[in-house]
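All remarks here apply to the structure that follows.
For reference, chains read A, B and C in written order, and residue numbers begin at 1 within each chain.
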Amino acid sequence: MTKRAGIGFYILLIIFVFLVMFPFIWVFLTSIKPQGEIFSSFQWFSSNMTFENYASALETRPLLLYMLNSFVVATLTTIISIIVASFTAYAVTRLPIKFKGLILGLVLAASMFPQIAVLSPIFNFVTDAGLRNSYLGLVIPYITISLPLAIWILSTFFIKIPLSLEESAKLDGATPFQTFRKIIFPLAAPGVFTTAILVFIAAWNEYLFALTINTEDSWRTIPVGISFYQSQFSVPWGDITAATVIVTIPIVVLVLLFQRRIVAGLTSGSVKE
Amino acid sequence: MKQPKKRRFQLNERQLGYAMVAPSIILIAVIIIWPILLSAWNSLFDYRLNDPSKAERITSLSINLETYADNRYLVYDTMEAVRDTMPGAESTLDNITSALDEQHETLLKTDEGLADRYEEVNTMLENYQPVNDDDLRLTEIPEAWTDGFTAALDEQTAAVQALREDAPEGAVQPLTDLESQLSNTKNAVLEPNFVGVKNYTEYLGNGRTWTAMLNTLLFTVVTVGVELAIGMLVALLINRVFIGRGLVRAAVLVPWAIPTAVAAMMWTFLFDGQSGIMAYYMAQLGIIDDPGVLLSTGAGGMFSVMFADIWKTTPYMALLLLAGLQTIPRSLYEAAAVDGANKFQQFFSITLPMIRSAILVAVLFRALDAFRVFDLIYVLTGGGPANSTESISVYAYKLLFEQQNFGAGSALSVIVFLSVALLSTIFIKLIGSDLFSGRLKQ
Amino acid sequence: MKRGFLMVALLAGLGLAGCSAFTSGDGASDDKVQITYARGTDTTGATDILVKEFEKEHPDIDVVVREMPSDSGQSHNQYVTMFSGRSPEVDVFDADIVWSAEFGQANYVLPLDRLIERDQINMDAYFPATVEAGRYNGRQYAMPGYADAGLLYYRTDITDQVPKTWDELEQLAQENMGKEGAEFGYLMQAAQYEGIVTNAIEYIYSYGGQVLDANGNVVINSPEAIEGLNKMIDIANSNFVPNNVLNFKEIDTESSFNEGNAVYARNWPYMNDTANDENVSKVAGNVGIATIPAGTAGNASALGGWMRMINRYSDEVEASWTFVKWMSGEKGQKISALEGGKAPTIEALYDDKEITDVSAVLASEDFYNSLQNAIPRPITPIYPEISDIMQIEISRALAGEITAEEAVKRMETKMQAALESVNQ
């Protein structure tokens, strides 16, 4: 934080932000054009602004239901993986167990495996368990993605908590689990929250399992549902752009509210402090 | 676990540690490691779902009673149709009947209870019920019977073929059907389809695999390289105090946070040859000849996919690097300035070494993501045109679910997995202990 | 400690209860039989009416509609995933006409012969190609659903001359281009995707060539096929098609034609609706349709459309069959035609005035003839691979990288290798 910002800087900054946001801007502008103006028209602004695309987007597909599904699946995934992962991260960072390196290595390896490699066995497993087209049917495979991620990030937060607090709790006669629950977990709460946001976003965005496992329309999530506006020979860009705007709004809100935490979580693994 | 009052059963720290690690390890073992091992096992078989004789992993010579009974019914049914339309076929048909019946009786004698199982399967078929129970459906058979069975079928197929030569017009269709049904009956015999590493050797010798591999590598190198370069520039630019930091940070996080599938959908619209604004501007600026080339030529497709990825992840990369930059003490730069080092020298002698591990970790995670790329390509180009944007994950997906070749598809999945493992080993060697240091001890 | 555990247990319990409550939501009620009918997205609402009518006639059967991706390739992959897991979740489904051999061979779908025979369904009532497309290895795996066939569109405000042959098309396109702002003489689909195969089939078969013969042998390397392919190369490289015709798909053809940029265009029947819709088209009211031009061996229109199949693992075969039979029968097809504009596969329905009143396409004798002469694409369990080979080689030939002779030779070799690796 050394330099002061001048006018030139702000101009560069505005250009950069504009370039990054351009696709959204264009998609938004398209979504409020009437049908006839969308095709082959490169006018930025339409003289006949309309919200008919929004009405049509919400009418032709159950967009809000897709969002609800995404929300429920992502929330369940987040709760389960945060609970399980915080246990593991705590044990690995603060308890005297063997094979810590091996366990972390395993977690890292698990976070690197390609989803495609487990798609068909997982699909058969979920089918046999009768969990196709249910929330749990997606939550289970999503744990493959979110659990390693959560352990990895949480462990960086746990390690930062001073050991002295635990020592004094121990002297007061607390059991190790009480120490974890009463001392460490509350202290790590900001980190846990950050991890939860990242896990939530990862689960919200997942595509391959969602595409394969939940094939019933009422169980589809957003990333898959949005591709269903297309019909065999035509692509209704009006509806699609409107739908894109609608599904982007919650993400924008989430990011605006929690940008500081998200950045903290993203950088937790890569920066030595 | 335990109640606080029962002090006697209190776990000590180490036991608690293992107990707390156990759920994760079990989950990882069951839903990650076990499926990977299963994929690896599948990859050793010539396992194709769209071929009834290879639709499962077979380790010893067997017969599929469902296919057998079904075809047997059909052959007899079609023979009736032939009998009705071609009176001269009588003797051939009698031959077929007696040959098949002879084989049938020998088969039923090869194993005790087989006759009952055959009946059960047959009854299910008559009621249109699928036979899902493998213990009922599959049975091992001796090689001697198989040889006789195949020979008999071949002989009768040839006889039907000969018959067709001078068949009346109405009999041609039933005879053609009969011929293919007879030869299809052979599909009931399931030869062991364990092929060892054949899927690997075959697909590693296949041009399309290498094209996909090269596409993936190219995609990984270019996107991660460009993201790193632009990300670094942006990070250096915004590493200062300015008004609206939070807003800028939020703005650049949005592309990273929206689902890749939604982003890909958006870019399909922007790159579209008819109504895509990006394609239109690029053609106006003379970067491309025609707005259509972006999504319809190999180079254009690759460019589009890379561009969309760079758009989506550069801001993320910039934030990672920015966090690294902010850990560098100001005093270092001041000292360097006193020594007369210019901005470039400062960048190479202070900035880069100080954030080396931040860069490596960022590049590692990005490279692993890029190497496994699926959603973006699948939605944006589907791997086309002409497989020119097909990544190895997309190819594996197509082998698995489009061509239903589970053996080969699994082999490719394993190859992706091994490549990723190799890639990360190299990186971890480079990064050294830094990767774990923040997690194991202080 | 207790509280913490309670909380964890509560959360886990909530999650699980939430899930199970949701999963058990749609159990069948009473003694009604419930079947699931899967199909691509339908924006016309015809499916709902179809199902309602059927349920009225068969109160004991409850049909649940499941939407699949409208993209044929994507829904194919989803069906394969389901059926390879032997899932009974879908009972009846709409199948692209190129799937029958593959799904039949894989034992994913129920052969319908026994049922057709038992209920004495008259298969001769359907257009022959639509029945043939559902047949593989002597078994009928599908009932015809609705049909598509390639059509020639032309601008009635520019010309009333309809080319009968490809040669005439070349000449007329040349003559008429430039009139009324129509920049191009002719539009076709030549991008490297499934569309290039359907276009190529129309050329190859109209000159008497074939891809696979009745026994599944590769016969593409013939003088007739070369002649057809050469005609296609000729047209794709002429000055009356857009110079980026190698990027054209149906949607590009549609938008360009509707913008008034072309005199003639090859497309499926669906384009007639949008081309005559004033909101999106500048040529509304000036659109004529005709059969695809002929080669030396007559007309050949590529057959498209969808068929109905029954999942081999369905638990409700009888109810499914009742539904399929009804949908493919006159009543079902009539509803699809009236409500969804789908072209019936039953020949006799084209005598029904109500149906021919639906659209100019259904009223057109040329369309009826196109269906009579329609060509199904090669029927083989490895159709996706065969199509892939054709897409690559034909696309190269159109780009001038190889000659027609080389293209058919390469296709022959590659197809034989692909077929062999499956048949051994």
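The working rule: contacts are C-beta pairs under 8 Å (C-beta built on N, C-alpha and C of every residue); 3 or more make two chains touch, one makes a residue touch a chain.
The chain list, named the UniProt way, goes like this: A = Carbohydrate ABC transporter membrane protein 2, CUT1 family; B = Carbohydrate ABC transporter membrane protein 1, CUT1 family; C = Carbohydrate ABC transporter substrate-binding protein, CUT1 family.
As the structure is a computational prediction, the values presented were derived from the model and not from experiment.
J.: Once you've mapped the touching chain pairs, tell me: line, ring, star, complete or other?
T.: Contact map by chain: complete.
J.: Counting C-beta pairs in contact, does B-C beat A-B or the other way around?
T.: Result of the comparison of B-C and A-B: A-B.
J.: Quick one: point me to the chain whose Cα centre is farthest from that of chain B.
T.: It is C.
J.: Report the inter-centroid distance (CA atoms only) between chain A and chain C in whole Å.
T.: 38
J.: In whole angstrom, how far does the Cα centroid of chain B sit from the Cα centroid of chain C?
T.: The answer is 27 Å.
J.: Can you work out the whole-Å distance between the CA centroids of chain A and chain B?
T.: 23
J.: Out of chain B, which residues touch more than one other chain, so two or more?
T.: Within chain B, residues 1, 4, 274-275, 397, 406 contact more than one other chain.
J.: When you check chain C against every other chain, which residues touch at least two of them?
T.: Residues 1, 81, 84, 251, 255.
J.: Could you tell me which residues belong to chain A and also touch two or more other chains?
T.: In chain A, 39-40, 120, 177-178, 227 touch at least two other chains.
J.: Would you pull the chain A residues touching chain C in the complex into a rising list?
T.: 35-36, 39-40, 60, 72, 76, 79-80, 83, 120, 123-124, 127, 130-136, 139, 177-178, 181, 211-212, 215-217, 227-228, 230-235
J.: Contact residues on chain B for chain C in the complex?
T.: That would be residues 1, 3-4, 48-52, 55, 66-67, 70, 74, 77-78, 127-130, 132, 176-178, 180-181, 184, 273-275, 290, 292-293, 295-297, 382, 384-386, 397, 401-404, 406 of chain B.
J.: Using the touch definition up top, name the residues of chain B that touch chain A in the complex.
T.: Touching chain A: residues 1, 4, 10-14, 16-18, 20-21, 23-25, 27-28, 31-36, 38-39, 42, 234, 237-243, 246, 248-255, 257-262, 265-267, 269-270, 274-275, 277, 280, 311, 315-316, 319-320, 323-324, 326-327, 330, 333, 357-358, 361-362, 365, 368, 372, 374-375, 378-379, 393, 396-397, 400, 406, 409-410, 413-414, 416-417, 420-421, 424, 434-442 of chain B.
J.: In the complex of these two chains, what residues of chain C are touching chain B?
T.: By the definition above, chain C touches chain B via 1-2, 5, 73, 76-77, 80-81, 84, 86, 88, 102, 105-107, 110-111, 113-114, 137-139, 191-193, 214-215, 243-244, 246-247, 251-252, 255-256, 312-314, 317-318, 381-382, 384-385, 391-392, 395, 422.
J.: Tell me, which parts of chain C touch chain A in their complex?
T.: 1, 4, 8, 11-12, 15-16, 18-20, 22-23, 40-41, 43, 66-72, 74, 78, 81-82, 84-85, 87, 89, 250-251, 254-255, 259, 268, 270-271, 274, 279-280
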